[in-house]
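Across the two complexes that follow, subunit A remains constant while its partner is subunit B and subsequently subunit C.
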Partner chain A sequence: MGPVELLHMSVFSQSFSPCGRFLAAGNNYGEIAIFSLCAALSPDTSEAGRKPVLTFSAHDGPVFCLESFGGHLLSAGDGSVSAWNWAELIKKNVKAVWTRRPEYKASMEIPEINAMVINPRDNSVVFGGGDNNVHILDLEHGVFKSVFRGHTDYVHCLSVREREGEVLSGSEDGAVRIWDTRTSQCVHCVEVHKYQKCARPQFGKWISCLTTDSDWMLCGGGPSLSLWHLRSLTPTSVFALSGCQRRATFYQDMILAVGQGPTVSHCLLGGQVKAQIPCTPNNINSLELNTNSAEHQVLTVAGSSQFVDVFTNVSYRAFSLCF
Partner chain B sequence: MSSEALKKRKAKVLRNEAGPTEVKRGRGDGDQQDIRVYNEEVELDGRDHEEDFLQFKESCEGLATLMGEIQKLKASGAKEGCAEVEQKRLQSCNHFMTLKKLNRLAHMRLKRGRDQTHEAKQKVDVLHLQLQNLLYEVLHLQKEISKCLEFKSKHEEIDLVSEEEFYKDAPQEISRPQLTKNDPHQLTLARLDWELEQRKRLAETYKESQASKEKIQKSIEIKKEHLRSLQPGLNAIMQASLPVQEYLAVPVEQTQKHTEIAQHLPPPLYVLFVQANAYGQACDKKLTVSISGDVDEAKAMSKPPEDSQDDDSDSDAEEEQEKTKRRRSTAGGQLDDKRREMLKRHPLSLSFDLTCKDGSVLSLYFYYLINLNIMTVKAKISASTDLTTAISAGELVKSETLLSCLYSNDHGTETPNPANRYQFDKVGIGSFADYVEELGHPYKWVQNLGGLNFPSDTSEGVLVGSSLSASHMENTMKLLRGRVMSRLALHKQFASLEHNIIPVTSECLYLFPAKILSRLTQWTTITQEEYMNLTFTRHVTDAGLAKETDMYFSGVVERGTARLQAAVVLNPRYPEISPLFSLSLNWKGERSGHTDDNLRAMESEVNVFKNELQGPRPGYQLLTNQISRLCVCLDVYLETEEQDDGVEGPREFPREKMCLRTVKGPNRLKPFKYNHPLGLFSHR
Partner chain C sequence: MGSVTDDEVIRKRLLIDGDGAGDDRRINLLLKTFTKWCNSPGTPEESFTQYQRMLGTLAQCEFSLGKTLMVYDMNLREMENYGTIYSNIEQNITSAHEKIAECKKEIQRAKRVRKNRQEYDALAKVIQNHPNRHETLKQLEALDKELQQLSNIKENVDAKLELRKKQFHVLLSTIQELQQTLENDEKLDTDENNQQSPSGSAE
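Our next item is the complex of A and B:
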């Protein structure tokens, strides 16, 4: 990889290993890099400790999603989902355990996969992308169980409500759809841009980030980032963040949101923006919290640069990992 | 008690009569009445000391009571010598006797005990001594054993032939298989014998070879002598043939002259001359090499190597004289003189003319700095076309930058000879860079062509080798020619770029759609400082990709109200290292590759996916193709920009390009990739 390629690298996805000691990150060249958090966090670390222990080519297109589940690393991007064994990756053996691709309707280009989430309750992977549909891949049998059709543009983001057996999807068409996994039917459809409070016509109507926690939902994108009460389906608070948000998550009693702009925003549930922490990438695509290991409990942030910022404390950037 | 006491008394009496025990025993042996013979020691064996102790106690108590009774009697007024008292006294005397006896017995018992202990102790001592001796012996034996085990025979160092080979080659009388097969010792002996035999044989062959070698040497000497005697005759023939040569116009003499002058070249230039001539003849007819400079001066400086020895000392002496002369001049002038002396060039220099396909000529002048032991080069381009048309391209064909970074990191401003630093310190020269304009550039490849090799970390070990020169010659000549071609190509392109025309050749037309609405409106050269001051180039500078040796340009592409500024870093090794673009779009506010993912994607479209844009080899059209693609990308960017539904009126940029999808992926990129035969745009 030459210096020019590094200069134009974007990191789209991250995932921590089940042991919490490794971080996988996928970039726009279809590569996945494995970083060792132990090496990077040790007090006497050098430059080399912040370089990946392993970099391998995983997909033809950018790696938009990475998830860890049951000892496997699942990666997706160019229309297919691949699984890699974490234990083998740590031993630097690079071989996909399996690769699955749903049957797309004949198209000029292969639709990309923009979002992937695990539904641990029925042991399945939910993913969606360029073909406007949400697919469910049963991990038990390796077959595609069902398809949720309804969006009129590509799917940006997904979220699973495990207890209710529901899947939420946000799309370029501006709608958040709530699906019942048992019947594969759309239960609700929320068009966020039609709510005066959230709409930002100067940007557009797409929904690019979506998170749920019990009865609450966070969504944003073209419209402002907003907190919704799901039972009443009404927005309760709207966050005054300038750019378009790409990833948001609940953290303790706060909300962490990233997107356009080189900052991680800390928001209170009431709607106030508490702090904006600067970081290296100018636009952030991915934000990940390591809950798998107590000693390496870090927040990592990556986006339009070859650096992955590591926050040992959510209120400041400690250092950067580098591809 | 009293009977026992009586017995004892009798025994005592008897003993007193008897004398020494042996005599008694002898006598006892003699007559049968040995019961009567008394032996106190025997008695001692028969007695128990516990009993004795009890008896002693009893006697003491008896004595005490008797004394008490006597005292009572006396106190009650008994007279001295009263029968009762007397009787009591006798009884106490008895008791005394018993005590005495017991005392004696006790003493004897003690003595016997001591004797026994002593005896036992002696026995133990003897055994201990024996043990010590044995242990010492064991130790000694162990030492001997280990010495034996460690013994190394000389024969182990001898490299023997393997066993199989030995049995195969050695004669029966040496190998004796029936004896050696089962006895490794015999086997080793036999193998050693065989080794000795073989060595003896080899020594003999060696001697024979030596003799034949001497013989051959002698014959060579004789032949040499013969050849030498031919020289005068040949010279005479040459002399005689001169008129014929002139008449037939055969340039035998001329090349000979050339080589004669070449004799006076300093070694590095000579190496270069020979290698370049050889290369020119073998591979590259369009390379001409000539020697220029003052031959006489060169002759004065160095004589041909045949009669070098005396002359060298002469010239040394001359130099000495010169030096002493200089010492007399004033201090400032002295330093100046020294500097000039240090940087002195050899009077002879080489000039190369490298003709390219299109008729333009690259002239290279190679110099040798005698005292610094480095070579320098100056370059000049004489193109077949007019070079004054493009203003922004001035940098491209300047002699100073023309050859920079021919190989990576070869800037040619600092001297490659590490020893020079010390020489410079002596005469106060700060850096060689100040003299580069006058003396030429000391590129590393020039040193290599001259066979000079400077290891980067040691100040010694200068190696002159024509093999070094030969290994670099072909590659360097190719690079030089490539450099000239690329610079001239760039020059031509710049000329039209300055007139806002992007020259796209027919081979590359398929890379772009037929209709491009964005237009280049400006193309200028900028300085590195100006480049670094631009806000949208910071990431390039931070990544260390904007170097001092690079050239910097700025271009503007416009369409309607949108104005795209591109800052370009051009590496001297273009097109091997592609130009690097940074973008800033001024349309509805300022956007740059920093803030807008789509502009960043446009940057990577020209910077990263440059291989598609290279065009026909070796890719001289890369830069213009990159600019063209930039125009196309700007069209796509503007046409696919989201229309705000709330704003009235027609779109400024109606969508004309065919796109499969306008946005894709989490960062909503626009379709910048052009698919040639279909004529539509898609995503990477």
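Our next item is the complex of A and C:
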């Protein structure tokens, strides 16, 4: 990989292995790199410890989503989803266990998959992408069991509300739709840009950032990042972050948000922005917390750069892994 | 036996080289002075002074022996002391570790509590924006009463309207009947006239 390619690399997605000792990162060239956290975090590591132990080409297009579930690494991007066995990948044996493609209505081009999320309740994977629909793949039978239609523009982000068994989807058309997985109906539709205190008309109405913890929902994108109470569907706090946010997550008593701008923002639930931690990439696409391992509890951040920043303490960047 | 103890002696002598040099020399000097004193003819005062000097040297040697013994005792006691301090510190370290673990758990708990508080605050802000429940209930009651009154009035008006309609209906039907009767009477009259005139002309 030449220096020009490295310069133009964007990392779109990350996922930690089930044992918590490896990190997989997918970039815009369709490659997935596996990094060893033990090697990178050990005290006597060198430059080589920060490089991937394995890099392989997974898709023709960019790898937009990576998820680990049931010992497999699922990767999706250019319209199809592939599964790789983690144990085999650690042994550097690169062979996809299976590859599937949702049924798209007959069209000239194959729509990309922008978001993928696991629903552990009924062992299924939820996809959202360029064909404006949300597809559900049943992992037990390997078939696509339902499609949620309703959005009028492509789906940017998905989240699963475990307790109620619902899926939330945020799309370019500015609506956040809440779907019931059993009846495949849209239970609620919230148009975030219609609320005065969230809307930022200068950026648009698209929703690119969605996360939930069953009672509360964070959504943002064109409109400001806002915290919503799901039972009453009202926005309770709006966060004054200057850029458009791409990922947000609840962490202990704070909210971590990333997006435009080379910073990870720490915010409190009341709406205050507590801290902004600087990072290497200029814009950040992906934020992951390693909850699978007790001794490698790190936060990793990646975006429009070939470096993946690793935070051992959320308050500062420890070092960077390099593609 | 002689060679073994010789080695021991040499080793010990080399080990305690620093301080032993003075004592060693003193003991050798004492032995030499003793043999010289035993073999010397000298005057009784000289031998007495030499004897006193020897006693002095002997006392010095005994003194340094006593000192070394005390130092040895002191070292033993210091060792014990350090031993107790060491075990004390170890205990402190383990209890500090435990306290750290406890505190970490406390932090997690406190963070959860804080998160809950912030969630309540956020919800409370939203709730505050809505009007008070009592007031809304009172307003609802007042509106209900108004509604009742208005519907009562409407009923009354409706009843009145019905009554008027019926009365007008009665009036109009009576008028029509009267008209009919008058027309019938007129017709009968004209018929009678017509009947009379043809019979009159026929005569």
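Convention: the second predicted complex is superposed on the first by the 323 of 323 C-alpha atoms of A that agree within 3 Å, B and C clash if a C-alpha of one lies under 4 Å from a C-alpha of the other, contacts with A are read in each partner's own complex, and residues count from 1 in each chain.
Note that in this section contacts are C-beta pairs under 8 Å (C-beta built on N, C-alpha and C of every residue); 3 or more make two chains touch, one makes a residue touch a chain.
On a predicted model such as this, the values are computed, not experimentally measured, just so you know.
S.K.: Thinking of the overlay built on chain A, is A:133 touched by subunit B (first), by subunit C (second), by both, or by neither?
M.R.: After superposition on chain A, A:133 lies in contact with neither partner.
S.K.: Just subunit B (first), just subunit C (second), both, or neither: which does A:61 touch?
M.R.: In the superposition, A:61 touches subunit B alone.
S.K.: Now for A:236: first (subunit B), second (subunit C), both, or neither, which partner does it touch?
M.R.: second
S.K.: Considering only the touch criterion stated at the top, classify A:224 as touching first (subunit B), second (subunit C), both, or neither.
M.R.: So A:224 meets neither subunit B nor subunit C here.
S.K.: Which chain, subunit B or subunit C, is in touch with more residues of subunit A?
M.R.: Ranking subunit B and subunit C by residues of subunit A touched puts B first.
S.K.: Looking at A:108, would you say it contacts subunit B, subunit C, both, or neither? Reply first, second, both or neither.
M.R.: first
S.K.: Answer with first, second, both or neither: which of subunit B and subunit C does A:156 touch in the superposed model?
M.R.: first
S.K.: Would you sort A:7 into first (subunit B), second (subunit C), both or neither based on which partner it touches?
M.R.: A:7 sits against subunit B, while subunit C stays out of touch.
S.K.: With touch defined as at the start, can you tell me which subunit B residues reach subunit A in the complex?
M.R.: 539-540, 543-545, 578, 580, 594-595, 597, 600, 603-604, 607-608, 642, 644-646, 660-661, 663-668, 680, 682-684
S.K.: What residues on subunit A touch subunit B, complex-wise?
M.R.: 3-8, 10, 12, 61-62, 64, 108-109, 112, 114, 130, 154, 156, 172, 201-204, 206, 208, 246, 260-261, 282-283, 285, 304
S.K.: For subunit A, which residues are in contact with subunit C within the complex?
M.R.: 215-216, 227, 229, 232, 234, 236-237, 252-253, 268-271
S.K.: Which stretch or stretches of subunit C touch subunit A in the complex?
M.R.: Of all residues in subunit C, those touching subunit A are 108, 111-112, 114-115, 118-119, 121-123, 125-126.
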